[in-house]
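Letters A, B and C mark the chains as written, and numbering starts fresh at 1 in each.
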Amino acid sequence: MPGENLLKLNDDRYLGANTEERKVAGELYEIVKDLPLICPHGHVDPKIFAENKPFPDPAELLIIPDHYVFRMLYSQGIDLEALGVPRSDRGKTEKDHRKIWQIFADHYYLFRGTPTGMWLRHEFHDVFGIKQRLNSKSAMDIYDQIEAALQKSENYPRAMFDRFNIEVLSTTDSPTDTLIHHKKIQESDWDGKIIPAYRPDNVTNLLFPDWKSQINRLSVISGIECNNYQNFIKALENQRAFFKSMGCTSTDHGVNSPYTIELSSGAAEKLFQKALNNKATTDDAIIFTGHMLMEMARMAVDDGMTMQIHPGSYRNYNPVVFEKFGADKGCDIPVTTDYVNNLKPMLDKFGNEKNLTLILFTLDESTYSRELAPLAGHYPALRLGPSWWFHDSREGMLRFRRHVTETAGFYNTVGFIDDTRAFPSIPVRHDLARRIDCRYLAELVLDGVLDMDEAKEIIVDLSYNLAKKNFKL
Amino acid sequence: MPGENLLKLNDDRYLGANTEERKVAGELYEIVKDLPLICPHGHVDPKIFAENKPFPDPAELLIIPDHYVFRMLYSQGIDLEALGVPRSDRGKTEKDHRKIWQIFADHYYLFRGTPTGMWLRHEFHDVFGIKQRLNSKSAMDIYDQIEAALQKSENYPRAMFDRFNIEVLSTTDSPTDTLIHHKKIQESDWDGKIIPAYRPDNVTNLLFPDWKSQINRLSVISGIECNNYQNFIKALENQRAFFKSMGCTSTDHGVNSPYTIELSSGAAEKLFQKALNNKATTDDAIIFTGHMLMEMARMAVDDGMTMQIHPGSYRNYNPVVFEKFGADKGCDIPVTTDYVNNLKPMLDKFGNEKNLTLILFTLDESTYSRELAPLAGHYPALRLGPSWWFHDSREGMLRFRRHVTETAGFYNTVGFIDDTRAFPSIPVRHDLARRIDCRYLAELVLDGVLDMDEAKEIIVDLSYNLAKKNFKL
Amino acid sequence: MPGENLLKLNDDRYLGANTEERKVAGELYEIVKDLPLICPHGHVDPKIFAENKPFPDPAELLIIPDHYVFRMLYSQGIDLEALGVPRSDRGKTEKDHRKIWQIFADHYYLFRGTPTGMWLRHEFHDVFGIKQRLNSKSAMDIYDQIEAALQKSENYPRAMFDRFNIEVLSTTDSPTDTLIHHKKIQESDWDGKIIPAYRPDNVTNLLFPDWKSQINRLSVISGIECNNYQNFIKALENQRAFFKSMGCTSTDHGVNSPYTIELSSGAAEKLFQKALNNKATTDDAIIFTGHMLMEMARMAVDDGMTMQIHPGSYRNYNPVVFEKFGADKGCDIPVTTDYVNNLKPMLDKFGNEKNLTLILFTLDESTYSRELAPLAGHYPALRLGPSWWFHDSREGMLRFRRHVTETAGFYNTVGFIDDTRAFPSIPVRHDLARRIDCRYLAELVLDGVLDMDEAKEIIVDLSYNLAKKNFKL
């Protein structure tokens, strides 16, 4: 039967498993489904909008660069080489993208029940107009369809951006970046709003693989010779000002733990010099990073930029994969994260600042109700980022609301953040998040916690206003 | 439209988000909704019943002393001074209570989805007869109504107590307290049952700010000179006997962690003397507190008083707020809590005692299924207190039952404890708890886990019998 | 009314609390309810099948050996002696099994809402044909009925095994075991498939109470004199080969923590000699156990046996009970477990091996979404065992799926494992697990996450195929 393999997308998907709930959730969803997308944090490459070339083929777009996808395939015994993931030593990997796509299709059932599965289903259906389910048999047919779709001008990056109704998209950039693509976009006749975010990890982490050359680069770009700690700070301040002039409104900090400590300038200088002399130890790097978080908070109070902390990922946990393929290959593993003790020095000093917006994220869900909600429900400077990474999912988002709302309320959270490299998935991610928030609110309405008019206000805040406000957009 | 701002209170609120569940839960709720309230642990000031004066105005009653309320307002940038919270240095704070109320009303939306929001909604409606929703516009009108209501004799403390159908209310008192208000109540012609609970933290914690003057006070009150450890223990025993004679049936212990250790008398004496000489260190205080928990358990086995441990709060975490405003100002933050290793010495010695009832609380929900339920499902002496503080909420209470019941059952829990300073909120808190238990049981009935007659028995036990039994009331 | 005490068993029990969900779940359940049972890990004594004698009386079968049952009774003040639990010193315990059964019946309400309650209800009803609810009044009547049922040949162990439709049952055995019962079963004319699993804890844990005599036994059984580390390893390899020849396809490792470390042969030899000389310390044992996990993984890569790790239980936590009654008496308490740091050496070395199947279990549910799902969603060698022990329950299994599926998918889990000593409870345990999976999948279907045909495939995989595949059966 030809109907059997039809790709269906229920209109009321993710709005709840019972009719009553879906009905109320659906009413809320109608209000927000077409609101513009605020994308205040993510990893899309600005180059694609500067150049506005068509996206490459389906495998290059959806599999090879997406660690959510190849991580799962790898976990079931498929070599990354067979998926075309480039090796650091430029060793042989699969070049036939149709073969890669076929492997993906053969194992597509692995994504059942996962956010990747939900995103792809929606993306295939809505972005690329696919009407068949992906499986071994339909693989090549669907490949052809996506390949063809990508060549149409309506699917060029800028056209997609406009079609997706994105109001603003923030990229993530090092202070050592020239923002050349951002400049090009701003100077073009296209009015898509793409802004940078300031992420200094590669210069604040003394053991960043590339640290010294990044410091040199920072000296060149800022025009300030970073041969001592004081100049290093000046260069960072300088670059913040430059980023701000380019539209930047936020910084981001990826750290092992949210450890903070305030060093004297002398002590900081000593660590900085050790690093310049290639003598920094792991402990030195931890301490210096903790100190730099304090410095960044200080600068944020000054320049008003929103500060994000993304802690708790053990990066490149699998040395076999890291050595062969490099970073961001699906082997970053979350660890237990302590916010209360680690953040104390920073909160003692800056937590009561009204001019600071400090957004915390976590991969350790046990901290939602124990630490994060109580902290955010007290400190004027603190806000909670949405459920992150592995937890940016149907169940994960519900858990976030359930564990956080009662202590921190809705207004100490900052709305949805797509946090993705995968540009074509952006609308489906926002859509999923809006649906889950609708469902959560519907439950509260049906259970007598909220009146419907309150829920209607909240859903607009969660879908649009809070991100705009907290990222000062 | 005048109807738009009507304050509604669904009869079946909090009984579930679908009709089937609400129906069964409603049937259970009918059984317990009018049962008397057992209030075995809380922080109501006995003075209000001794004096039986009218409550002060709405701001003084509902905002200024309630850290649940001003914590949330503070988190959104409102100064505590503007909310009339008294400063330790007697510095200027807002004196116009109508202005304070207006700020509160302007930001009342912050409490959407929070227990405070649920309690206040119900309290406004049922206790004070308010029929409008609180917002910027209705603020003064509602202020007037509550102010007028508070002047009526039916809303005086004793009348409220009677109206609330409270069978017994326990306060929380230091062994250095004379229980003068309790005496006055007992000697009055009013028959409301108000009893003390024995909470010795201010003398067992060697670093309690006021420790030495509390020790002096203990000497005076007990008639036993607390100049050595042995006498200190005697004085504590003496005061337990006095409290018991005043109706006390329980003790309470607020500790950083549930760490326990048994010291020799010599070692305990040494620490006690160090403290008398102002030389006790943080470690000394931790060890002494751990030892005193053991001593308190020993005394509890002897005198049969129920013992409660409330661990895991990092008190006065925000030094800026603590220095300006003192303790209990919404900046106590939960921390990871280990029960298994910390309680071992105490459980080794007293866990198998049938004459001991030791009730554990937690702010670290990850311990529910991992540590607390397995412990309570084994030790004769152990019982689990209900979800506490931040987790005393609609979702929090559900999580407690879901994580605890399967391993510890219903009968190793102790029913609801309101644990509040806010006297007028007591019935709404019990009501919320009863509703959530009804909902949980309805789910079990509908899912074939329990028969309806079993659920009917259990709901009475959870709402009334278990608290009475475990607190020996 | 005679109908009042009827034991009912809803056909759609555990399939959800609302009608919509139950309907879809019921449709899925129909597909799998009669599938054969795969029992790849458990603690049933093979002797019962070798001898095929009738089971003893109800108390001997259902109470005295079941720590789930007497743990709960003990927690409410009932002495283990009164329940007939044998004392290590052979001291007096209740011998009248009818008295024991009566106590159990008097307190049967304690099991409301617990998995034990759910299992027993179903077991009474389906396995023993009981039609009354158990309580003080019906106790002796039900005792009589079960006693009579146990004498019928249809309830002899082999007949039950056949009737239960068990395809394969794995026991758990020490490498020092002769597998004499397995041999007898294999040599019999009965075709029930009962295979051993290799669990070397009593020889790999240097502080196992009986360690040295177990080592001697290993020498005798393997024919390899275990007087040095190298021979010890050879003997273990030898016994693996022997177990494999007897049908064994898996090993199991019960450890305090999943700590792993690779020692040089010299360092391992040193620890082994210390232990032979009765000088091994706690730290020595921890390190040696961590090293032996590495060795076991190495052997597993070689011989293809599936390796299970069950960490995180603080065994014999209550010394009073342990000294009086020995191990496995309901006083093992879960502790916080760190997989990410502890397993790193093992995963660095063997995590990328496609020939290894390493199944992880946990008692610390906070690790599901934080550590276990991300690890299993990346490493080819890793799979997640189902919710274990305290969490092998209606809510516990739902939590497992909710926390794990979105990151690890369904196909990095291994289906249900009954893990029980209580043979007659095996079908009811599988039935509960299948029902919960049906319910979870029904929710996903109703919420638009899965198509019904996908759910139908998945439920068969979860109920049957995944266990078979991952245990190489």
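Note that in this section a contact is a pair of C-beta atoms (placed from the backbone, for glycine too) under 8 Å apart; a residue touches a chain by one contact, two chains touch by 3 or more.
Note that the structure is predicted; figures quoted are calculated from it, not measured.
Arrangement of the chains shown, judged by which pairs touch: all-to-all, with no pair of chains left without contact. Although chain A and chain B carry the same sequence, what matters here is overlap: shared residue numbers make up under half of all numbers found at their interface. Per-chain Cα centroids separate chain A from chain B by 40 Å. The multi-chain contact residues of chain A, meaning those touching 2 or more other chains, are 18, 366. Across the interface of their complex, chain A is touched by residues 4, 8-10, 12-19, 71-72, 74-77, 109-115, 117-118, 133, 314, 317-321, 330-336, 363-366, 390-391, 393-396 of chain B. By the touch rule above, chain B contacts chain C in their complex via residues 18, 20-21, 338, 340-341, 344, 347-348, 351-352, 354, 366, 369-371, 373-380, 382, 402-403, 405-412, 442-444, 446-451, 453-454, 457-458.
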